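Below you'll find the structures, each written out as structure tokens.
One chain, subunit A, appears in both complexes that follow, with subunit B as partner in the first and subunit C in the second.
Right, the complex of A and B next:
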């Protein structure tokens, strides 16, 4: 830099300076193929620190004893002990079943509501721009806020929903939705669907915008009704987006215990106990990090298998 | 097959009138071309015929049936879109048979119909591919297959060739003409390409700003354009417009322009009431020949453009540029004087105030 400013720094000195000039050194490096790895390095380090290391540490933990409230047991290698325990642990199997019900029902409902909303918004009726923003609002709410809000709305003594249902005549008296094992899961699913359907709306709407309108005109002339058009044109054309959205949502939902933690804490009994919640409680209530680690590893494997199978079955890669 | 009648059809979007009082009749088996620059309303008119757009007034009759309130699927029409609008997720076979499938035609009959259409269009080998695996020309054929398979009363084409390259466009143009001659289905064809219009149409409607400028057979459109817009829109290079005063001395009618006169001995128009007024003479470039004749124009050669089969010579005639289409060997010299003889029977005179043919 200085070397360029004038004749005062003339030849021999300048080249000596240049040789040790770090800017020049970086400049030369930027012309080589190593440069891209160098640019990736900071994010790669960050990912290692916050994703890969914890994941590996969690896996390692699942093969060790680690009970903070019983330090006497030490933290030695226990092999597959935690995994063996899981096989005979009834709570694990209940959690697994509940997870399947919770994730499948909630996502099916979210998808349906999201699709209907996206189709409606895609009609470009007056006001749909404002509605498109309003419809996203639930998704902007943190799980904790949404959970507490719905807990209050469904409250057996002062919940507005009970009040409305009684006034309309659908209910005889106020109902403790989250205290009844037969309704707790369903109520939680409704809350989850309300909270996350905008995710589907957003992605599906983007997909819908990409479908050429000529296709629908051609289908009109070919004699396809609205349902046929939805089934034979719209949904096949949204296939990739649907697959991506479902996978993202399944991963999100399987991994996050927060909504159920707030609404039911897994109860009543074990009726809303899901794997993520079970792992969370095992770690932070029982302080059994080894077993919690094993539960997490199982969830991780299940999700990998699910994502792989889903992509294969939905034939996303075909077109 | 059926006739098509478009009676006083209007269309406005709010205060903007995009079609005003369109009246067209197409005979059974006819080929109507809607021709005009973009934004002239031709595609809107086609969409109204198809039922994809509602009119603000007027009637569409296919055969004797008023189809104003009939859903597109019940009009027994088939349409080929500019984008082809093939269903990307379905193989070609299903694309072509989709209209039959939706009409609950049984699978065997459907397959037979699809195979017949595919054979006619020579796309049998493409039937199991998806549209994404086809070239532009192949997609075009599939789109046509989808249209012909149902044996509709009416074919509607919306600029079907504009996405193809020049060579393919010419080929497919011929194909469409052959198909029409073979099937004899009444057709409405939208294009902005005048060559397509003249080669394909039995009737051409030239449109501008939602108004039909001229509705006639291709020869009339070309030789006797109704106004200067039609005259200028049709033909390449376009018609020359030579401005001058119409004069009559004894029986001898002529046009006096800056720097000379053009005799009009065989003019096909009655222009007696325009004598003494300014008119515009429309002269097609190919009706001009080098050398003197009954009606001559003299000017200075400006530019010479050899195109292979022809040589376009642009001549400055008293400040007005006139293009003559001369033979391939014609090589006049730039800057020199050139005398051209015109076929005065082929000249059209226009009123410069209205632009209409006198």
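Right, the complex of A and C next:
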């Protein structure tokens, strides 16, 4: 191989040691046309092994009976059984509705707070670097700890937020936020927004830095106020970034049941049951891998359709 | 005109400060409250009158958590899983990011897009087959198996982030080294990677934080104390042993301390790396 594609510069007086020196050998390999493919090979193989193969396996699983705790049922092909069951499964429909509420409210809140924070940080006031670090910090904290911090603060007996709200007069008495079906989802959305709004701040701030300042100077001369500048310059210029950030966040939020699993496990009742959580519990608690696979496949397809439609719509608006 | 403009600038400056300080307070308050709780005696936590400042400070919660629970083992397991994940990403991802950054070849765009799209795959859909496969090959309930599973979502991220840093490294030095007769291999390891070392460090820290924090894969793929990571262990202690609030708060503080320190150290490069790709594409 080396002799065929060997480098042009290789010196004729190679010692025996050089010939068997692995570094030299790889160095010569790096001059061939296939070098970039060799560089990509390890990561591509790994991704095939831990992402592509499991995903295909999971899709295939959704057409089979697969209950780890009941091996007697076998692993036979059951066709669309799991998908048919979904149609008549009330929990599926509740989860679907909750997912829509959870994702849209959380992202709307995260986007709003993220945008306000990014606009304020972009003024580069003295001290804003330190404030930026503090504001970005929640995004890097683990879900498990974020969940328990808020569970502690919202606790019905010793929660500091309850105490403050009662002292201010907004609440009559302490409230069990996560035990009441009418407030559990809202409380979880607040925790999620606290945890992930910095993601929007991060991306929007980077986008704001890319807007030419001339645009604002021109608008100043034309007498446009701050709010119309935001509406007519800032938001249109940020459109691509906003679209990218929303898509990434939707994917992240739909796919990961972590925070709800920690805060409520879907309860009380089914009030915070989302699709990813339902799929996970079907697998983890009931060991019904076939049905869990089918639920994830449906979730994945819905996500793909959403992403595709969203990209199309934001492109249409641009034209 | 100029006067009103400077006055309106002042008004917006003040509004910005109020917004930023308010938000920073909201971001930090839960952490501070957890820290204060971790220093309280349990009877001061579970009480009818709220103590905003601990009446007496104690480190008992930390001592008890460290000595009487499996927390040290959990932390060590997490450290092993985290460093293994970073190592796998470094070994396989650095060269891939370099290839994407420096070479034009057939299928480059599609492959890069592929590395982005795999992050859309639902974790749940992957976890179940990973559970089955890892059980077959004997990697279930092992720190190495968990680290391999983590690369499923962290390796694509690592490659994308690091590619941005490689793109930013000037190509002239590399060309000079090539003219001097260095091989591509030599140029990569002796010129490009050293230039991008801050970016490489930031990328590693980002992946390390994500691996350290991960909960769902760890919950599904580990079953015993031998390989269980701290998020799963902490959650189990809450569920099974009704972990007292003080100890839970102490556990939370111990676990986020490394995250806060690492984030504070490399946040500038990390923020640049996270936003770089989004701005360009």
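Going forward, the second predicted complex is superposed on the first by the 282 of 319 C-alpha atoms of A that agree within 3 Å, B and C clash if a C-alpha of one lies under 4 Å from a C-alpha of the other, contacts with A are read in each partner's own complex, and residues count from 1 in each chain.
By definition in this document, a contact is a pair of C-beta atoms (placed from the backbone, for glycine too) under 8 Å apart; a residue touches a chain by one contact, two chains touch by 3 or more.
This is a predicted model, so every value here is computed, not measured.
Peer 1: First (subunit B), second (subunit C), both or neither: which does A:99 touch?
Peer 2: neither
Peer 1: Is A:271 touching anything from subunit B or subunit C once the two structures are fitted on A? First, second, both or neither.
Peer 2: A:271 contacts neither subunit B nor subunit C.
Peer 1: Looking at the overlay, what does A:138 touch: subunit B (first), subunit C (second), both, or neither?
Peer 2: A:138 contacts subunit C only, not subunit B.
Peer 1: Which partner chains sit in contact with A:205 here, subunit B, subunit C, both or neither? Use first/second/both/neither.
Peer 2: second
Peer 1: Determine, for the superposed model, which of the two partners subunit B and subunit C contacts more residues of subunit A.
Peer 2: Ranking subunit B and subunit C by residues of subunit A touched puts C first.
Peer 1: With both complexes overlaid on chain A, does A:224 touch subunit B (first), subunit C (second), both or neither?
Peer 2: The first partner, subunit B, only.
Peer 1: Once the structures are superposed on A, label A:47 by its partner contacts, choosing first (subunit B), second (subunit C), both or neither.
Peer 2: second
Peer 1: Touch check for A:215: first (subunit B), second (subunit C), both, or neither?
Peer 2: So A:215 only meets subunit B here.
Peer 1: Can A:149 be said to touch subunit B (first), subunit C (second), both, or neither?
Peer 2: In the superposed model, A:149 contacts subunit C only, not subunit B.
Peer 1: What part of subunit A is shared between its subunit B contacts and its subunit C contacts?
Peer 2: 220
Peer 1: For subunit C, which residues count as touching subunit A in their complex?
Peer 2: Interface residues on subunit C, with respect to subunit A: 5, 8, 12-13, 15-17, 19-21, 23-24, 26-28, 30-31, 33-34, 37, 45-47, 50, 52, 88, 91-93, 95-96, 98-100, 103, 105, 111, 115, 118-130, 132-133, 148-149, 151-152, 155-156, 159, 181, 183-186, 188, 209, 212-213, 215-216, 219-220, 231, 234-235, 238, 245, 248-249, 252, 255-256, 259-260, 263-264, 267, 271, 274-276, 278-279, 281.
Peer 1: Name, in rising order, each residue of subunit B that touches subunit A in their complex.
Peer 2: 47, 50-52, 71-73, 75, 77-79, 81-83, 85, 87-90, 98-99, 102-103, 130, 132, 146
Peer 1: Quick one: which bits of subunit A touch subunit B in the complex? Just the residue numbers, please.
Peer 2: Result: residues 212, 214-215, 217-224, 228, 232-233, 236-237, 239, 319 of subunit A touch subunit B.
Peer 1: Taking the complex as given, what residues does subunit A use to touch subunit C?
Peer 2: Its residues touching subunit C are 7, 9, 23, 26-31, 35-37, 39-40, 42-44, 46-47, 50-55, 57-59, 61, 113, 116-117, 119-121, 123, 125, 128, 131, 133-138, 140-146, 148-150, 152-153, 157-158, 160, 163, 194, 198, 202-203, 205-207, 210, 220, 226, 241, 244-245, 251, 254-258, 261-262, 276, 279-280, 283-284, 289, 292-293, 295-297, 299-300, 303-304, 307.
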